[in-house]
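Shared chain: chain A. Partners: chain B in the first complex, chain C in the second.
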Partner chain A sequence: MPVFEYAPAPESRTVVDIAPSYGLFIDGEFGEAGDGKVFKTLSPSSEEALSEVAQAGAEDVDRAVKAARKAFTAWSALPGSERAKYLFRIARIIQERSRELAVLESLDNGKPIRESRDADLPLVAAHFFYYAGWADKLAYAGYGTDPKPLGVAGQIIPWNFPLLMLAWKIAPALATGNTVVLKPAETTPLSALFFADICRQAGLPKGVVNIITGDGSTGAELVAHPGIDKVAFTGSTEVGKAIARTVAGTKKKVTLELGGKAANIVFDDAPIDQAVEGIIGGIFFNQGHVCCAGSRLLVQESVQDELLDALKRRMGTLRVGDPMDKNTDIGAINSAEQLARIRALADAGEAEGAERWAPECELPSSGYWFAPTLFTGVTQAHRIAREEIFGPVLSVLTFRTPEEAVAKANNTPYGLSAGIWTEKGSRILWMANKLRAGVVWSNTFNKFDPASPFGGYKESGYGREGGRHGLEAYLDV
Partner chain B sequence: MPTTVPAYGKEAAERLASMADVTADDRALRRFLHGLPGVDAVGLQARAATLGTRSIKTTAKAYAIDLAISMIDLTTLEGADTPGKVRSLCAKGINPDPTDRTAPQVAAICVYGDMVATAKEALKGSGIHVAAVATAFPSGRAALPVKLADTRDAVAAGADEIDMVIDRGAFLSGRYLDVFEEIRQVKDACVREDGTAAHLKVIFETGELQTYDNVRHASWLAMLAGADFIKTSTGKVAVNATPPVTLVLLEAVRDFRAAVGVQVGVKPAGGIRTSKDAIKYLVMVNETLGGEWLSPDWFRFGASSLLNDLLMQRQKLSTGRYSGPDYVTVD
Partner chain C sequence: MSERLSVLKTYKLFVGGKFPRSESGRVYEVTTAKGQWLANAPLASRKDARDAVVAARKAFGGWSGATAYNRGQILYRIAEMLEGRRDQFVHEVAEGEGLSKAKATAQVDAAIDRWVWYAGWSDKTAQIAGSANPVAGAYFNLSSPEPTGVVTLLAPQDSSFLGLVSVIAPAIVNGNTAVVVASEKSPLPALSLAEVLATSDLPGGVVNILSGRTAEIAAPLAAHQDVNAIDLAGADAELAVELEKASAENLKRVLRPQPVDWAADPGTGRLLAFLEIKTVWHPMGA
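Showing the complex of A and B:
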């Protein structure tokens, strides 16, 4: 039988110039942290240190917030059409530098270049373009004729989509006239620092965007700082709860985009081949590091065998390995810590009696790797059906009737997203009304668009990002 | 009715016969076809597009180019075809690159029925098949006896493969059983005097079937009727083979083998002109069906101008330079 082996097709690293160290971006200038502390950021696929970045302390956070406060007066007073010009300029620079940014993101995050190139960067630019378009039309957004910005936004973003989450946070904040202090995740700070450079390239006034790097303690300082008017956080439910406690009783507004344990529901009349693709994309996109990942597959009993055969066959064609290879489908797990968490939960699945399956695949010897994994025989009582794994691990459950599918899908502390696969339109509408999830995809999964609001029910957080709804979070309404 | 000699063996023929109840009457056949999983157009197109982004370089590219050449049904289907034109096409099929004898030969030469004898003679000893289009190609608008006579003519003249077109009018009006019967009778007409049979490729003209669901239904219909190959198009209409349509065919042959145990080949035709396109199709075969279909026995390209682009890419890989159209033969 002939074998069609794809020769390696590595993207060039030379398109991105990573400095040996980076400071904090405050008031339009890069500078060291007050106490000179630094930490390293690693490439998850090789464990190689890429650069050193500053660890911002309380004093640095204070400086950043003050710079944002000072810039707010002039920035918020600009006509919307003027703010739009800056945002359009930023969007265009992102497009021009997209190859460089995609390579950088893959190096720092471990995600395959085809995803950073084909999914992340186009969406990043699209978000800036979209909110640039809103900047001079806020009077028509449905929040009164002259909605006002909140002031200084303290924003904390996760490591799964570093630049995209930055865009989701910064674009609407600036369009509505707020200024920001943003803290990227400690394992993926580089693209935010490159974005700081893009702000300078775009001539954005000093202090409108401030980027401070650091770990959870920096984030906690930012959230607690009395000088901010709004907290926007995307990350784990645990940290989200801590943030909610911190801001409780203050005047700060808060939006939280937290975890998820989405149900991907496949009925027996589903377009099977496309459902399989949707399941694959739903859980293995970005190594499963997606808060709205379809990590619970609910399949109608009558097509279980057929679907699982097709799914396993398809999983066998996934290519795991070097994120810089253009043919890689699944890259590296973002950190040793995350890998340990995925392993622990997968082991728990096995210990609790679910059946584990993974296609044969060779994993690189250095870096953090986890093969795409499938668990069958999972019940609602298993930990792997309840806890967010945030990795390439799919739990398969079955159902017999639409009512049972709804009950199982909703039986989770989370409610970020869900997917329905059926050829019957009326069932899609009926299900979508019953499912307690912020986004319900039908016959597709993991589709994002700047015009579409995104956010959760229950422990998946509150507030919406994206679309016209996303403006509300940054306006005094 | 003469008995069909299946190319795929007795056991498979028995399994196919066990599916007879789904073709018992029009209603049973329609129920069966409409009971197949639907095709979501958006998802299908997205998948085909994703497969098209595989980056095929160096050794993989060299392998793919040679494989693609060996899968070509080098085709001339013009009213103006002459024996001379067919003979020169045959010579090219045998020896595609006069400057490089390591270039593989093509799979078949595809001609109109009246050119079969000429092609057969010109290809003698080469192992290259002669494929003939039959059944009132390309419209398929003729009485069944005419179509069958057309087929028998080509087979008698020595055709190794018959490319038939289905009656799209009957298909679109829901007369599935008529289409089924027609394919079966053409299949029977492919039987030679010695009991062996020409391979039957069934052309759907997917551009006219419009929906992907129709393409899937047509695929199963043809396979149930005994098609050895299923083929997208004639190359004579505005929309011919596309990656999503071909993907539906690939999924159908995969599912058919899983269900019935019979392996069927796939042939996209029309509009595939560049090496880059051809390689995208091979990637699609590789990742949908695997190595078992990566051979001229199970996958073909219906093309005329593709060969030259493959040859130019092949020369580029071996010399490091692009040559140009004057360094490959015109026909």
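Showing the complex of A and C:
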């Protein structure tokens, strides 16, 4: 029992006004789906229905693509300096409305307000600000003196960072002169629909951004639509492969940001306290719903006991519960379906002989929750060491030599990210060189910035988002 | 007095730095453009393709780990070796493609020059494709290009030597290793190139060359889980779709076929197509 208990510090919901229903945002107007179908979006922390949104069908996808095509002519012909101003406007409006959007995001997604407020929203605004500046400087980006946009981009984003993934997709697309049809995830459609209102406030020409809500079938219609020139997808490797098959033989350019199974590698000379914080952030940030989460801890055998003791002690201080409470570290699991998947994989971990541990923590009675969990005695053959869990579950493996750490870290079909913890600079550079991953965090973890490229090797997908490299995905190069 | 009977060459595959016959024991007839017999080329099998991937994977660590300076010198060495055997290639290209000696010479000269051009790229790619990123925080943040791994190259069908060199050189210069499927109709320049590669300090397995039916050899390579990328230059439209679909299984990087003027400045397209960008973060502080 701690000496002092935390008093609840809830953020107010009154800053956000959620309508009972939302239509599709096509050609600057909200309207119902052609066949009138709708679905509900729930708050994962309470299972309360927040709103009803339209389920876009094939006909709606077609309308959206046509609207984007129509808008493309004028938008791509606009001087880059003018496109830049629209993006700067959007960045500013996001900053102005960031509290409203953070609350909305936490309600619809279940993530702690501390994260939506301090991580997601500042990054969302920063992405628009960063790419705004590229719009009139594309000739200097290294893709030729007069790089051209592709046309209409079909963009499909996941539920883990709804607004941030929207920013990653829309900002570079618009900066380079493309128009977009974006489909947010089925369980987290609201912030994208609020973004439509930001486009209105910014005076963005109609049809440049179109938002269509729906499930996987809507996404599949969008990917297959002959009127799009580019597919950008963030989500599971399984769906990524299906998309790669769908676009085979077409002229559509594709970027895929898929799953990961990152190794967070801790050497015996690592600063243990900092490493523990990095491991905690690496796997429990956003309930572990992070494709680059450090879900495999590789610890050098000689410091295993010391590190695990410190890690368990720190896990015991994590506060799980109401996402709207400013003291909450771990919020709700995004959906009942995702919770079932996490449970199934954690059970498989136990069944295959790994040892399961979780701190004592009381979980709310309604909503979807999973306590922060640690598995020790994990081998490379265990499912929890091979499959992406996408939840607050950490698998601990050990190693003796740097070579063994590299071999184990690379022993996965994924290649998105990795972490290295050691005080030895030469070892960091050697390891960073050997690891087959698109992002390597050394003595830090889960850092993001619009100026920094992000994306994976191998089955973690193709292409990079962010930075100068992120422009390539939307240019005809 | 009768004219001297020339000594014909037995053409073989090039796998892991060695010159095996096809495991299948099969050959096929290669003719001039007019249909006269030139040689029996090995008709590589699925097993040969898999062996080539194993050799390419084995060579990847050493080749990608070599310094850019070293790789550049080896590519330049290939140009040196080719220069000395220029006439042989002119002869093979002229016969295989039905070109005049002058035209074939132009092709071979351009191919040699292309090795020289790419040799100079090895230590420059990181500077044009990498970047130091000004992130908002006290971090050192650097992005650098790295080779993507084992690359399958379906050599162009219509340009048996210049086209071939134009797909191999950019793929390997930055550290990838390659399994090459030669032009089906005119494979001889590719098989002779292997002899040059074998004597150019290029480590065995960095380039592996197979001849035979493109569709037959390409199918297992596109489906192979240990191949990281595929260049479909030599695939016809129908085969390209099939191979791109198969490549989705492990998300191979795919370079779709497109019309290319092999004599034109190649640009950086093929050079950058088979690279990954790795970004490393480290905190800064005293």
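Just so we're on the same page, the second predicted complex is superposed on the first by the 475 of 477 C-alpha atoms of A that agree within 3 Å, B and C clash if a C-alpha of one lies under 4 Å from a C-alpha of the other, contacts with A are read in each partner's own complex, and residues count from 1 in each chain.
We take it that contacts are C-beta pairs under 8 Å (C-beta built on N, C-alpha and C of every residue); 3 or more make two chains touch, one makes a residue touch a chain.
Worth saying up front: this structure is predicted, and the values here are computed from it rather than measured.
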item: Which superposed partner A:Gly249 touches (first chain B, second chain C, both, neither); value: second
item: First, second, both or neither for A:Asn443, with chain B first and chain C second; value: both
item: Which of chain B and chain C A:His469 touches, first, second, both or neither; value: second
item: Which partner, chain B or chain C, touches more chain A residues; value: C
item: Chain B versus chain C as contact partner of A:Tyr6, first or second or both or neither; value: first
item: Touched partner set for A:Phe454, first chain B, second chain C, both or neither; value: second
item: Contacts of A:Asp273 with chain B and chain C, given as first, second, both or neither; value: first
item: Contacts of A:Thr317 with chain B and chain C, given as first, second, both or neither; value: first
item: Common interface residues of chain A - those touching chain B in one complex and chain C in the other; value: 443-444
item: Contact footprint of chain C on chain A as seen in their complex; value: 126, 142, 237, 240-242, 244-245, 248-249, 256, 258, 413, 415, 428, 432, 437-444, 447, 449, 451-455, 457-459, 461-462, 464, 467-469, 477
item: In the complex, chain A residues that touch chain B; value: 1-9, 114, 118, 269-274, 277-278, 317, 326-327, 423, 443-444
item: Interface residues, chain C side, partner chain A - complex; value: 128-129, 131, 133-137, 139, 141, 143, 148, 228, 237, 240-241, 244-245, 247-251, 253, 269, 276-283
item: List of chain B residues in touch with chain A within their complex; value: 37-40, 42-44, 46-47, 53-61, 63-64, 67, 251, 282-283, 286-287, 290-292, 294-295
